[in-house]
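Each of the next two complexes has subunit A plus one other chain: subunit B in the first, subunit C in the second.
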Partner chain A sequence: MFKHLFKMIWNKKKQNSLLIVEILLSFLVIFAVFTFGLNSYNNYAKPMGIDYQNVWAISYNNTLKTNNGDSLKLFYDNMVDNIKAMPKVIDAAHTSANIPFSTSHMSTGLTHNGDHIQDVNSFMVDENYPKTLNVKLLDGRWYNKTDVGSKQKVIVINNKLKERMFGKASAIGKLYNDDDGKKGVKIIGVLDDIKFNGDYQSLEYAIYNRIDTSSYRWLGKILVKVSPDANAAFESQLYKFMANNLKDSNIEIEHLTNKLTAYNKFTLVPLIILSIVAAFLIINVALGIFGVLWYNINKRRGEIGLRRAVGAPGSSVSAQLVSEAMILATLSLIVGAFFAVQFPLLNVFDLPASVYLLAMLLAVIFIYLLVLVCSLYPGKQASAILPAVALHEE
Partner chain B sequence: MIKLQNIQKVYRTDTIETLALNGINLDVAKGEFLSIMGPSGCGKSTLLNIMGLLDEPSKGNISIAEQPTGKFNDKQLAKFRNQKLGFIFQSYHLIGDLQVIDNVELPLLYRDTTAKERRRLATEALEKVGLSNRIKHFPKQLSGGQRQRVAIARAIVGNPEIILADEPTGNLDSAMGNEIMEILLQLNRVDGTTIVMVTHDENMAQKTHRLVRLFDGSQVQ
Partner chain C sequence: MLKNYFKIAIAVLKRRKFFTFLSLFGISFTIIILMVMTAFIDKVVNDTYPDKKRDRSLYINKMELRGKESMNGGAPSYYFLKHYVGSMKTPVKFAISSGFNSTNTYVNNRKIVINYKYTNADYWEVLDYKFSEGKPLTKQQIDNAEKVAVITEDMKKEYFGDSGTVLGKYIEADNVKYRICGVVKTLPITSYLFYADVYLPITVTKTNLMSDKGYMGNFTAIVLAANTGDVPKMKKEFDGIMAKVPIPGKEWDHVYSHADSYIQGYLRTGNETNSGMLYAITAVTLFALFVMLLPTLNLVNVNITRIMERSSEIGVRKAFGASSFTLVYQFIVENLILTFLGGLIGIVLSLVAMYVINSANLIANLNLELNFTVLFYTVITCIVFGLLSGVYPAWRMSKLNVVTALKAQ
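Up next, the complex of A and B:
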């Protein structure tokens, strides 16, 4: 029977081609939605890497009149120490503007054993950074006083970068060349991965540079870990402290939880828009399949009547129409799978192959279910056709 | 072979009730070639459909091959039609998207038959009607007479005991009509197939064993 149905479909390929293309396009859109959704979920399921609750980010602009690095360092170190001394403050750290969940990015590149790695996030941080964000040190050590004035340029990298460069082997003590022309940068520590770009974005490569004296001219962020009972009154107190210390500076205090919510929207909004587009397309395809099958039944009443006359029970006629729709879906899915499988093969968008394959599987199941649901009712209607009436009409 | 008792068929719409058949009693013996004649709208095709279990009578009993069919469900009816009956229609009812051989195989698809066996039986049936050289053709590539011969091959491929033919020569010229009639007569004579044929053609009807005339849904001869 399968061969018979396939022959029928093949001999009507022109009439069926539109439906095949429609199902194919739906599959590709659904595949894109599932890929996007699954990748976002996979990222969401990974740990954030930091404790962002009760972490506030103070933004300021340097309005001090001096350009002397040592004076600036003294001033800002003293300011951070004073912040840390406040009653509801647990820790505080100076950092570059690219704090977690901010739209500010600073990237560089590096070369190791001939492997050039681009788009490595570069952070300027001080000794208090890991404690303030409660980020785990996986290997080696964080910066300390011995690194001040050292001729050897040292660096802390994140785990994703370490795995790219060294796989399972330890990175500690290894050297690489950075794109700024510094050769032999020595890795002293590996920090746990942090989802800087919110819950749904992929992990990225990162290096953590120690703030040096010259950096204070342009640094503009202080991360403050506060106790859970830190309230608006305390925030106001902190604001006044900053304003008093940095006259004429624009001070802003933001909560990382709020920044995370805002940043997540960057990912969720396109996903929602794509889902809405996909939903409309699915409705369109569902109506298309339903309409084509309905039209087929009316056009093929004579054939249905004949099949019933020569021995097909109603259930068999119904099963035939559903099977034809499923075979058409299969043809579309074979073509669709050919295109979809290129994504993991060519490593498009640098996503794990498992995400593409699972998205493909889910999209296939979804299309089959859609076609099945849309063909059941027309199939049932076909089974109810009285052979004598259908043959007489023909 | 076919026993109809007091068959009545009424078609009802919201406003009109039409009596298509009224009190038909008919026995068709095994191996008989019976023709049914009558003016248009007298109920010939309705009677044939009821004999072929394609339609249900409003009243009365049908028994085919000693089996009362009144309580058959859809699956049993389909199986019975498939194994005991063969149909030939005035407008052939061939599936245009299938080749001749596939059209002939159609009844065997609803039997437990292998593809190889189906192909063998269909080829044999086409040989019987003299169309073995047209198996790969599509219906639209054939003449009316050839199409009807394909329809006959389809009707006999499952070796049914009864063939029901609804004006099989109605769309054909007299030469082709005679050819088709010859095939039917041979099937009846050689294979002993019981045939019931509806026709408008007096000459064709005269070639059969018995003629039944209907008028306004009633049997008049």
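Up next, the complex of A and C:
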């Protein structure tokens, strides 16, 4: 049976080869869209890790004349204490410019047991950071007063980095070397993962450094957790407070919710455009396949009439045509899968292999459904051919 | 002859309505996507508001320091521009502006985000902003560090509502009140070199600009030549200056900056090893190919099907002595007619698409429009499309054996 179908396809190889290429390209397009979509969905399904509602970010620039770290620390700690004392403020924390959902990134690298890990996001944060963002500490402890002035450099890492470095084992008390030449940095805590690049981006490695006195000169953000009833009137009060404290500075207050919406657009807009374009391409291809199959059946009336005349039932005729189309699809899918499987094998875009494989599976199902739907109607039409009429034409 | 082909083409189109619809759908859809893309690129790259004198201008907006292990890329500092670019002899005007910064202001318990930009006096002479009210900042105002501002129409609406003139009124930004002396048409954020809501004199900045002697900062310069002929000379002079600029520290061994044409400057990434131009061209080409490839294949498929239907006609023409060339020519002309028909539908539909995109306000103040450049590219696309999808079926047809073609019936 199959041998016979292959023969039929081989006899019309020129026309079929074009169809195969078309189905192959559609498969690749669908594969790309599904990979992108699935990956975004997988990331979306993971928890954000923080409570970003009612968190505001104040941007300022240090305009104080002094370079003395201690007096800067005194000034800025005092400022944060004053902010915390305001009526609608729940908590406040100093951080470096790479707050959640900002386009600012700082990255570094580290070495542990000969394993060099690159692209580790490096944050400068203070003692209030976890409380302000309501992020869970999974293991160990957060920074406290005892870390001030200690000789041993200590660090808090995030869960993803911990799993890369230690797997299931505990990370507390372990040491690593960082890329700036510091040897024996001691891990004291593991913080839950935060999706600081928005809903749809993957988790990244992160380390949280404690702010030291020398860094106050270039820090520029304060995160403020406010109560839900904090409105624009309160915001303007906060703004005035900042402007009066830092006379020559540029002040801006942003809401993390707005920043998240803006950041998500970076992922969503390309995905939506890609999906629309792909949808149109697929409609195009579907109509094309439908048209060509339909035409083929009209051309093969004689053959079909003959089969009916020698006793083949209508269902077997339509089954033949549908399975011919499915074999064509299979041929293109084999070639397509060969290309698609290179992505997880060569690890092209650094996505988990499961995403590629699932996307491949979905794309295969999608293409089979598409071809099936496109060939059903022509197949049904073929089964309706009356042998007497068809053979009479010959 | 052509008239005949035209008649035949129309007759063929009428014969199989489904296939006609299929071909037209594929073509017009491709045209829509490519047209919207061209319109967008054209708007972003070729829109000469507010820099009408683009052909005489060079833009200096990126600075790069490179050492063995590290690199630092970004915008140049005010000091660098003033000290080195300011010493150039060829330019007649020398505009400096800061990148835009954001701040908030609170009006009647409403929060407004203000993007502001500092400008010097030449900025207003190099660029031709459209003023709906008032005048640009003058040299005297800037020299005297007066607290004056030019705002955009959008900012006027947001800050003052739909009131009449706002000249002489005050706008508050960063806790300072500025007197409004002009209102200009708003720009989309894609013109990031000129975009802002509020334009302020460079002399009212809160920091001392010349005190920071570093090269990296947040400023852009536009140098204007007396005429277009002087532009290459100006570029050369700038490159000469760059060759002599001292390296700012021992961790660096190269310092790069360029006086670019608008597009080069627009796409420059601030990293010598990554050409923004190359990225942009590759991305656009790949996208266009990707969008065109499948419909073309589809069209080839449909065309072959249709052409084989006409095998008897072809057989007869061949039997009476028509050369393969004539037949190929005829078929390609027919196919071009088809693509142009699809193109026409595509143009109409893309007008609708652009209208939808504009009213959805995806990027504020960016209004896609149909102009001659876009139309020109559409016609080119149609021709390429028609040829691509016509040549292979026509070639297959011309190979048809007369006897088999005639016998088929």
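Details
By definition in this document, the second predicted complex is superposed on the first by the 392 of 394 C-alpha atoms of A that agree within 3 Å, B and C clash if a C-alpha of one lies under 4 Å from a C-alpha of the other, contacts with A are read in each partner's own complex, and residues count from 1 in each chain.
Operating definition for what follows: a contact is a pair of C-beta atoms (placed from the backbone, for glycine too) under 8 Å apart; a residue touches a chain by one contact, two chains touch by 3 or more.
As the structure is a computational prediction, the values presented were derived from the model and not from experiment.
In the superposed model, A:Val310 makes contact with subunit B only, not with subunit C. By the touch criterion defined above, A:Ala388 lies against subunit B but remains apart from subunit C after alignment on the C-alpha atoms of chain A. When subunit B and subunit C are set side by side, the one touching more residues of subunit A is C.
Of the two partner chains placed around the shared chain by superposition, neither subunit B nor subunit C is touched by A:Lys168. When the shared chain is aligned, subunit B comes close enough to touch A:Lys3, but subunit C does not. With both structures placed on the common chain, the touch criterion links A:Ala232 to subunit C but leaves subunit B unconnected. Shared-chain residue A:Lys151: touches no atom of subunit B or subunit C. Judged by the document's definition of touching, no subunit A residue lies at the interface with subunit B and also at the interface with subunit C.
Contacts from subunit A toward subunit C in the complex involve residues 14-15, 18-19, 21-22, 25-26, 29, 63, 231-233, 235-236, 239-240, 243, 247-253, 269, 277, 280-281, 283-285, 287-288, 291-292, 294-295.
Across the complex, subunit B meets subunit A through its residues 45-46, 49, 52, 54-55, 74-75, 77-79, 81-83, 87, 89, 91, 93, 95, 97-98, 102, 105-107, 109-111, 115, 154, 158. Partner subunit A is touched in their complex by these residues of subunit C: 18-19, 22, 25-26, 29, 33, 101-104, 106, 109-111, 113, 174-175, 206-207, 290-291, 293-295, 297-298, 300-302, 304-305, 309, 362, 396. By the touch rule above, subunit A contacts subunit B in their complex via residues 1, 3-4, 7-8, 11-12, 302-303, 305-316, 386-388, 391-392, 394.
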